[in-house]
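Have a look at these structures, which come just after this line.
The following pair of complexes shares a single chain, chain A, combined with chain B in the former and chain C in the latter.
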Partner chain A sequence: MTVVRPDLIESSGTRRRVRVPVGAILAGAVLALLVAAALFPSLFTSADPLATATSESQSPPSAAHLFGTDRLGRDVFSRVVHGAGLSLSFGFTATLIALVVAVFIGVASGLAPRAVDNVLMRVLEIALAFPEVLVALVVIALLGPGTANLVVAITIAAVPVYARVVRITTVQVRQSGYVEAAVALGQRRSAIIVRHVLPNVVGPLLVLATIGVGTAIITGSGLSFLGLGPSSPTPEWGLMLSDGRSSLGSAWWISVFPGLAITATVIATTVLGRYLQGRFEGVTR
Partner chain B sequence: MTDQVLARVDGLRVSFGGPAVVDGVSFTLHAGECLALVGESGSGKTVTSRALLGLVPGTVRADTLEVAGTDVRGYDERRWRRLRGRQVGLVSQDALVSLDPLRTVGREIGEVLRVHSRVSRRERAAAVRDELARVAVPQPELRARQYAHELSGGLRQRALVAAATIARPALLIADEPTTALDLSVQAQVLDVLDQLRREGTGLLLISHDLAVVARIADRVAVMRAGRIVETGPVAEVLRAPSHEYTRALLDATPSLHTKGERLTTLPPLTFAAPVAVDRTRVVVSASGLSQTFRQPDGSRLKAVDDVSLELRAGQTLGVVGESGSGKTTLGRIVLGLQRPDAGEVRLDGEPWSTLPERDRRPRRHLIQAVYQDPLSSFDPRHTVGAILREALALTGVPRASRRERAVELAAQVGLGPDLLGRRPLTLSGGQRQRVAIARALARDPRVLVCDEPVSALDVSIQAQVLDVFADIQAQLGLAMLFISHDLGVIHHVSDEVLVMRDGVVVERGGADEVFTSPRHPYTQALLSALPVTHPRGAEPR
Partner chain C sequence: MTETAVPTRGRAGVAIVRLLPRLLGAVVVVWGAATLAFLVLHLVPGDPVDIMLGAQSTVSGEVRDQIRADLGLDTPILQQYVSYLGHVVRGDFGMSYRLRQPVTTVIGAQLMPTVELAGLAIALAVAIALLVAVGARNRVARAIASFVELIAISSPTFWTGLLLLMLFSFQLHWFPVAGGTGIEALVLPALTLALPIAGILSQVVRHGLDRVERQPFVDSARARGLGYAGLLGRHTLRHASLPAVTLAAYIVGSLLGGAVIVEQLFGRPGIGRVALDAINNRDLPVVMALVVLAAVVFVVVNIVVDLLYPLLDPRLRTSR
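For the complex of A and B:
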């Protein structure tokens, strides 16, 4: 989810190549690999993630099974690769839906009369007072476990943070010289929102969302670790972590590899997000 | 003036890796003398002055670089530090930025003494008090205990002068010391600097403002692109400039003697269909406008107090006043961006300020605005073309012909078609202001409200933009409300003038009448503070 704002790159005056730090390049490469695994898992492995082979139960990493096999003899490497799709989609889908909802709430709040704005913001602040995981847990408790409900839960947990950012940017944009200039030009209110407010609000938000994807993935894996997401035998990192937990002493590879996958994903999105943030914030004027 | 040489510079060259920013500058400065470095932004005047302080981050080379008789070439940081403040003082432009917000003014000034001499705390406090008094700060004991934000702009600037002079440097560098200040305050600060010079300080003044230079400098060096193009006694250079650049600079400066003349030698802009207007027809009339703001401390501020005005087709009403006089608020009320607490603005004889925005919108095109900072009035994501096309779309130009019309519009204000793909951030100040004017013209307005539209521009760019305004007014018959703090600019553009102070119109009348025989004491004070030593004014015409 690399967000490039061509306007900002061009507007830096001279189009000098900016040196991208190695960390950001590495993070981008890791993410690209993960996204590829999520979209085309068969490119990476031919083994069936669901095929059991009791004879090969809990065999350690080898040439045949790169990451070893689990209790039912399923290939862990294949399951990690195939699990990428579900785990990443938790992060990306939830973040995307959360962004849409947050932009709607934030812009509305930022443009609404003060009384409405105040009420909306206090409600969001109350939601913010609880950790995201706790909010997601409450939602699942109400809706019941399952893949779809898990996404809904992560989404609801993520909305308040984004909505507040959107609202603050909206207020800034609303008071900006160019919105006043558009009013003086005779531009309609709806056109001002679509042409000037939305694009200028979404830009900085996308950078923040890159970091948010990592958080959403952690929340998703965490909840499915607790058994509140997809159920066995679906390959999903959190679930695999949970499966391997009991045999950590005898077969560390069952849980360590999915765990590494989660860690790598989150670190990569965070590094990339921080880089984009440092790069674009402050330039936006 | 004594013969003691405080600074001797010969063949100074400075570069920051690329081509030389200062390229072979030479001058000498004597005690009790004021040398002014004049030039537009980027001419290298500031870099030249910083070379005397060892504050240039680039490569400095010189055949001679002497401060108070000592060769300072090859000085290391430690030796520069001993020189700064004690031998060479620096007064910079923005006192609020230059003074530490967390320390009292007294401590800030005393710091210089603490660094350079061993005196007791008590002696230091006394010295600070004396120094503040010397730079004409009233109640120095009180002021020394206050913080920078508690002082007015003029007092802050004088405190900065005190900090620069307390260690009695023989040489004082004043870099645009009065640029951010109102005219009456500017006069006070200049008086202080002039007094220091008379007491024997050598003053290196850096300014883009020829009027300031004419007021206190003995000699002037005109800089352009890193070189001194002309140097000599002030009266001589300003009255009979020998270099064409100096002449262009002088011609470009609007003053009491440029009215009705073009400021640049560029050909006038031409419009396809010049409009003939009835110059007596009132387009905007405002009566009894008042606006009160609640300030952070709860008190009420009357920003605009019972102001009435009329704008006529093809004519310019100039509004002049110092910062905080309410002129910007007045402009916003006329534009219909701010609803006045009392009074009414009528546009073309019909209600305007009393309408809800929805009903104002269909007639918004009649009255357009040009702001001081055009950059902030453009959406940072839009190109020049997109900015103009948005305005054209609102005017009802069909999509197919918008691109073509945008090119025409740009050409009308003297912008090439290649600029349409650029973003305003990459344009120069003058180009940005032209885009703003083109955008306003795209709406086919009858009235233009201009709030300090040239205040952020260099003299020659300002001259170009003022000529653009004159051209469009002459040919399109626009009524203009022109807001500025600059008396020279106001006199140059206005047919009629309003002088505002604390929200009240203290004087109004024909521009020539107000400027030649001001009746109100405030106008008289403003005009006397105006450093009119314009060379062409000195000559009988």
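For the complex of A and C:
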């Protein structure tokens, strides 16, 4: 059960046709392609992302090597395709874990006694004072570099944003008439959380999370650009950019294509997130 | 936010009453950051003395005990906490594990390059954002502006920086590739840092202008014979920039985060480089001092914004 709104009841009767803008469709298509590349890289390329060929070092884009080759003669297209998996897993894994943690913290804080709620919110506010990259950097300073620690770092950096939204929604729901009614009817606390609080939290969270995936991907590839994530032969977009830096003057393709992949991914998640925001606005606000 | 009626007692009085809870909040944030720093330094596994001496050290146990006593590591943890806070208040963050210098000296020496970089980046971002927002006044221009903004926001700085280097340093030879002092070495790093911020600011100011131009006071100003430029200068731009001002803390924060990447990319000295070196070497006193520094910057920016707000929006000067 969610908030009853007359405008929504009407629309469910007449079934308003929703026109999806071209941008959102394109964004969805880009994301679908990326997910496909992450799951089945061999569908897109047969070249081995790790195979070196010194005779073909830094050859420009051609029919044989769509995106050219890097300093060690590795196929850049294949490395970009195989890199999709890691970058998306930074984005999706970190966001997903962060969401689960945030729902626990947010709901607990929203339902807890005033004093506990205040302390938790103060802590979140302090955490929110720092940009995500800085939080992630501090976590890596503590845990040390590496792929797994990188995901943990991005996750921790993302939690406060989501937790605050969950907590705000929880407090709104808790003060609503239907929760009062449910309490009066003697429903158990856990039942109220599952049936009333969680469904209301999902909408706004979904919108935020779509945009958050993009942020997490930028943060993740940025940290691996700094050498704090996966190590060298691994095909990862940020790491490839860091490798391409030494041949900027002679081989533009080594750094242009992985960067293009990151930007395209982030644009796609942002466009999709904004579209969802527009659609959910009526329901969430 | 609770709106409590404050009796009018002059502008200064209102400002102080409005600021007091903010100042208190500021102290709490910095204290929180310092406490986190202390907890991290003391609870993270690994003996500070071992880290300081290095893994292959053959220093005897007595000397280790001596160092521990010198650092106050043999006193109860609560006493160490109080003494740590006391030192932080005086700007003393202890010794760097690796560099064997006071942390404050290490950071202080690298502060200026980053301040210059961030300063120029903000100036560039504001200039670009205003140009785009004011320039995009018809449908086609708006569509282009909104697309360019999306690209600016979505591109990682380490990529735009590389693209700028490729174009302006390797192709056109306008700016040095890396190193160099002077202003020409500052332009590309600052531009790299500025672009995503310019994208966000331009978006906010553009929407602000669209909203403000529908307000009745704009019609009345037009009726008085004010042209578009006069309207922008005297009225609309000021109103449209209000939401952008609230983003100040976020922007300064993203400058700090971006500095780590940009300084590494362009081989520049600065706080970002200090941070990255400290992270790679697990030099925790330096890392945690930077955390406290970031908290202080955040808090100061927020208070400045609070003071600036009534100056920009006359409606907030009275009654509040």
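Methods note: the second predicted complex is superposed on the first by the 270 of 285 C-alpha atoms of A that agree within 3 Å, B and C clash if a C-alpha of one lies under 4 Å from a C-alpha of the other, contacts with A are read in each partner's own complex, and residues count from 1 in each chain.
By definition in this document, a contact is a pair of C-beta atoms (placed from the backbone, for glycine too) under 8 Å apart; a residue touches a chain by one contact, two chains touch by 3 or more.
Keep in mind it's a predicted model, so treat the numbers as computed, not measured.
Once the two complexes are laid over each other on the shared chain, residue contacts for A:Val256 go to chain C alone; chain B is not touched. Legend: residue contacts after superposition of the two complexes on their common chain; A:Gly244 is shown touching chain C, with no touch to chain B. Touch criterion met: A:His196 reaches chain B, while chain C stays clear of it.
In the superposition on chain A, contact of A:Val133 is made with chain C only, not with chain B. Residue contacts after overlaying the shared chain place A:Phe44 against neither chain B nor chain C. Contact with chain B, but none with chain C, is seen for A:Gly177 once the two complexes are overlaid on the shared chain.
Counted by residues of chain A touched, the larger count belongs to C, out of chain B and chain C.
Residues of chain A that lie in the contact sets of both chain B and chain C are absent, per the superposition on chain A. Interface of chain C with chain A (complex): residues 28-29, 32-33, 36, 40, 44, 150-151, 153-159, 162-163, 165-166, 170, 177, 249-250, 253-254, 256-258, 260-261, 264-265, 275-276, 278-280, 282, 284, 287, 291, 294-295, 298-299.
Of all residues in chain A, only 122-123, 125-126, 129-134, 137-138, 140-142, 144-145, 214, 218, 221-222, 225-228, 238, 241-242, 244-245, 248-249, 252, 255-256, 259, 262-263, 266-267, 270-271 touch chain C in the complex they form. In the complex of the two chains, the chain B residues touching chain A come out as 335-337, 357, 361-362, 364-365, 368-369, 371, 373, 376-381, 390-391, 394, 423, 425-426, 439, 443. The part of chain A that touches chain B in the complex is made up of residues 7, 10-11, 13, 176-178, 180-189, 195-196, 199-200, 203, 284-285.
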